[in-house]
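Here come two complexes built around chain A, the first alongside chain B, the second alongside chain C.
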Partner chain A sequence: MTSSPPVLEVKGLRTEFHMGRSRLCAVNDVSFSIGRGEVMGLVGESGSGKSVTGYSIMGLVDPPGHIVDGTIRLHGKDLRGLPERQMNAIRGDRVSIIFQDPMTALHPTLRIGQQMIDAIRAHRSVSRSEAWRRSRDMLGRVGIPSPGERLSAYPHQLSGGMRQRVCIAIALLNDPDLIIADEPTTGLDVTIQAQILAEMQALVAARGTALIWVTHDLAVVANIADSVAVMYAGSIVERGPTDVVLRRPSSPYTVGLLNSVPSRNQGASRLSQIPGTYTPAVSEEAVGCRFAPRCPRADDACTVFPALTAAATGAPGHEVRCHHPYAAREGRLSHV
Partner chain B sequence: MGWFIARRLGQFLLLLFVMSLVVFVALFALGNPVLNFINPSSPPDVVRQAIHNLGLDQPAYIQYFRFLSGIAHGDLGNSYTSGRPALRLILERLPATLELSLGAMLIATLVGIPLGLGAGYRPNSLVGRFVEGFSLLSVSLPTFWIGLMLIIVFAIETGIFPAGGRGPTTDLLGMKVSFTSLEGLRHLFLPALNLSLFPMALAMRLTRASVEESLRMNFVRYARAKGLPPRRILSVYVLKNVLPSLVTVMGMVLGGLLAFSVITESIFAWPGTGKLVIDAIQISDRPVIIAYLLFTVFIFSTINLLVDIVCAVLDPRISLRGAAS
Partner chain C sequence: MSNAAPLLDVQDVSKIYGGSGGLFGFGLGSQVRALDGVALTVGEREIVGLVGESGSGKSTLGRLVVGLERPTSGHIILNEAARPGPPRGKARSLGPQIIFQNAVAALNPRRTVKDAILEPAVVHGLLTGPADAFVHRLMDSVGLPASLKDRRPHELSGGQCQRVVIARALAASPKLLVCDEPVSALDVSIQAQVLNLFLDLYDETGCSYLFISHDLPVVERLSHRIAIMYLGRIVESAPTKALFAKPLHPYTEALIASVPDIEQQRRTFHPVSGEIPSPLSPPSGCHFHPRCPHAMDVCRVVQPPLLAIEPGHFSACHLNTPPAFAAAGASGPLG
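Up next is the complex of A and B:
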């Protein structure tokens, strides 16, 4: 999509969890790339593997989880199989992550300043006072009033929105090339959510940082992302430029997802819902399209796992993993 | 903070009163102690005179009130055998016990916590397996047996350490202490090591369990995501989370060591309070027993107070105002 070499290029990523004898495949054949200054939305239900994708990139998948296949290239260098020491040097420096719940992510009994200074001094040999100064400036930049005082506060003394801003500030501290934001605004009320979204967008745009925004909220994606990848049961079922995917969705799952977004124009009619129940854990033996049991268009062909192919819209980079994708027009949202 | 300490003091006094009542009633039920230390063949009027001198011919409630008013004046009664004030006897022996217990705690924490950290961080490593085996062994083997083994191996067979007794003492802030000289330390080491085994095993197991739990916490994953070196994560992020519960338990254990290090003190002929109270119990030296038990109440209350203060310092989310009850 972009002419410059991608910051991050993930190819054929497969992450499994080995539970006793059974192997659960949380991420299956996930590929995408993201360039400098780009924002990618990674969308899916809980358990669709979007967070595990993020952790896989960071090398933070703990046993019983293992990355079993694929490459994760940061500026062309494969992070998979990198010794823990070198990976540690990249984590928090070139790639940083913002967790969903800032209350449990920040250490409850360490001062904010200490946690920020640690993040700097793990990667830069600067004095404590210099690290303290940088931390204060960064808190100011993410919109925290009187940042100098906040540095000596404990997490429980800050509001949820403030704590999440602290986490965003920590993610930005070392001026990373890529930030993975794992549903960072989920626990916050909508006004704070909108503020943080806007600030985040401005901050990454100013620095040319690539951003992966993991979320289940399509409205957020529409606001912030240049491109979007929709995940279902561990695989990307559709991806492409945000406006194309959201306006002319091709995968039946994306259509179902978009139809179940409440909208103002919908009036009193009952909110549409994808039929069936979601089964997040995909065992090793499962074959065929994972969405087939709930899909209105499924037939015998769907017993074979589909590959990602170019969508009918013909938009650059718009791909869909489906045997029976919607054509360019018919997939439009029924309610919009 | 002041209010908190005041409330604690109130609780302490109440506890002391209840304890004195319980102890007094229990000891009274044991019968007349005079017959234990007076010549049974003495003429009846001599026995009667001895009973009268000790005030034991009075009804129980009068004895108790005399005892209470004595406490109010800081007088816990005189020992029946030596005739000296019971509290003074205890305080004279206290430095030896204090030295022994603190020495044991020092060994227990210095060895137990780092090993527990290592075992929690890598449960399947050599350290992890050692901690598993060692802690199980030292919790299940009786203290007196280990004490005897230590004496046999290190004192009798090899002669590296003395078999018992306390080394030369010097005066430190009015207390007679022995850890200031090398000879004193040599005497202190074996009994302290013996006494330290149980708290050491406890510290190991507790640290290991809390570390394993902490490592699964989100803030540890976040610390890793920041790229912090494992050593820093373990020694700051994990340890800071583990310490409050560790301090609480080790505080209780220290109280136990100070009050009930009887066995170790007997085996190593350590002239501490444990030995004093065992002797007192054997001859029903009532004032000494009562004074000692009240003294243990004081020790436990003080340690609990200190533990609460330390925990509040370690964890800023704990407020002392609400923690008093």
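Up next is the complex of A and C:
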């Protein structure tokens, strides 16, 4: 979406989990790129492969999981197949990740300060006192009051919101080019979520950090992301600029998902719903469009797995993976 | 919603945990006032939404209503229709039922769907006909195919488990259903299905709901009336439309402003500052004053009473001036 070279370019990513004889394909043909200072929302329901996509980029997929195809280029350099030592140098330095549950992401028996100083000194040859100073400044910047004192606290002494702020601070410490945020506000109260969204917005804007925000919450994406990619059963089914995808969705799944959001259904007697149940694990043999069994527009053509093609809106970068996408006007959501 | 006694009348209920020495003397003297003088009514065929963040006491109130715990002070009064019927009577109600957030944990992993639904009916002698017909009727009413009756919880999806739990609650033909975050753990598309189920069941059974949630849009969609809780107190309660059209309490305003709005693109958040204080040492006066942008000296000292500011619209804030009719004794959230 930007003319400058992308920070991250993912092409044809395929991640499988080999369970005994069966192979489950968690991520299938995922491609996207993200530029400096750009915020991309990666949206999907549980099991859609959004987190595994994030872990694949970070090189955090462990057996039985394997990245079997595709490239992950950070500033043009392929991260896939990089030796562990080189990957360690990049993780936490050029690319960092924020997990959903800060209590398991932080070490329970180390003080916050120690964990932050370690994160800096793993990548920079600075003195302990300098690392301590940087840590304190960063805690202040993510909205933690009296940061100097908090450095000597243990994770259990902080509230959930404060712990997540510490994780965000650690992710930002080495001024990374890319941050992957994996549902970082899902477990938090709504007033705290609003605070963290505001802080993240300001921080990435000030530093030009690219941000991938993995979430199931379309409303959060609407508010912070420039572009959005919607995943279903391992594949991106639609992507494009946030306002285009959310206002003029093209994929039947995106339309169904948006229509199920309660706030879109005020006044109607029932909520609009997607029929059927979601089957996340996709075996290797599965053919055709994964959404077809639940799709109101499915027909014989849908037995062939569709490719991502330009959507009818003609908006730059708006693409859809569907044989029968909604036309530019049809997909417009009617407000009941 | 008629003038008759409401289905549920919660009168000045407080619940205090701890404080009596504790185990081996730990936690001596530390008390958590989970509920502090809460008053709430639920009328016949009424859906009341109870909204609050973690630690607000909303789940505690739900547990008190179904009798899982006893209030430290105050009264919880159920009217004739909502009370449990005489023992061993046929087709009687067992009183209010509750549905929890984690449906998988609420089901015995070793027992089948049929067993789960049948158990309360068998134990309490509610069975009015053949067991199979009873189970089929309930499974049908929550949209579960009868073919699932021999499955165990691990063979079902999260949405299906939630439906089983709802069917089990309906087996006791309650007049009041307490739903404690029943859709929070579900994906958006499944959440819509389960919310529709609640709406359908409301139409079919005429059951009232006390719908507990932290999710304002969900509650807005479902409820006739909403009560907002903060640190053990109800700070505002009003008919749903009035609450969103004109929130009177600064906390309600902050809460509404914090919810990301899907219709709004790329907005800047103006979040309310600070965190929810620990219920172990709540702030003096109005609990919200440390975070309130309008806090005055009086807020630090005096707890504002919950007053009717407009007919049916109650708020507990020193900024709200009750009109003249409130002075004539119309205080407390009457149904």
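Throughout what follows, the second predicted complex is superposed on the first by the 331 of 336 C-alpha atoms of A that agree within 3 Å, B and C clash if a C-alpha of one lies under 4 Å from a C-alpha of the other, contacts with A are read in each partner's own complex, and residues count from 1 in each chain.
Going forward, contacts are C-beta pairs under 8 Å (C-beta built on N, C-alpha and C of every residue); 3 or more make two chains touch, one makes a residue touch a chain.
Values in this document were obtained by computation on a predicted structure and should not be read as measured data.
Enquirer: Can A:251 be said to touch chain B (first), chain C (second), both, or neither?
Expert: Neither partner.
Enquirer: Does chain B (first) or chain C (second) touch A:227, or do both, or does neither?
Expert: It touches nothing on chain B or chain C.
Enquirer: Just to be sure I read the superposition right, which of the two partners does A:119 touch: chain B = first, chain C = second, or both, or neither?
Expert: Only chain B is touched by A:119; chain C is not.
Enquirer: Touching A:261, do we find chain B (first), chain C (second), both, or neither?
Expert: In the superposed model, A:261 contacts chain C only, not chain B.
Enquirer: Touch check for A:235: first (chain B), second (chain C), both, or neither?
Expert: After superposing on A, A:235 lies clear of both chain B and chain C.
Enquirer: Is it chain B or chain C that touches the larger share of residues in chain A?
Expert: C
Enquirer: For A:216, is the partner it touches chain B (first), chain C (second), both, or none of the two (neither)?
Expert: After superposing on A, A:216 lies in contact with chain C but is clear of chain B.
Enquirer: Kindly classify A:92 by the partners it touches after superposition: chain B alone (first), chain C alone (second), both, or neither?
Expert: Touch partner of A:92: chain B, not chain C.
Enquirer: What residues on chain A touch chain C, complex-wise?
Expert: It is residues 45-46, 159-162, 189-195, 197-198, 201, 216-220, 222-224, 226, 242-243, 246, 256-266, 269-274, 277-278 of chain A that touch chain C.
Enquirer: Taking the touch rule as given, give the residues of chain A at its contact with chain B in the complex, in rising order.
Expert: Residues in contact with chain B: 58, 60, 62, 88-93, 96-97, 99, 101, 104-110, 118-119, 122-123, 154, 156, 170.
Enquirer: Which residues, counting only chain B, touch chain A once they are in their complex?
Expert: 217-219, 221-229, 232, 236-237, 240-241, 314-317
Enquirer: Given the complex with chain A, which residues does chain C contribute to the contact?
Expert: 53-54, 157, 159-160, 187-193, 195-196, 199-200, 214-218, 220-221, 254-255, 257-273, 275-276
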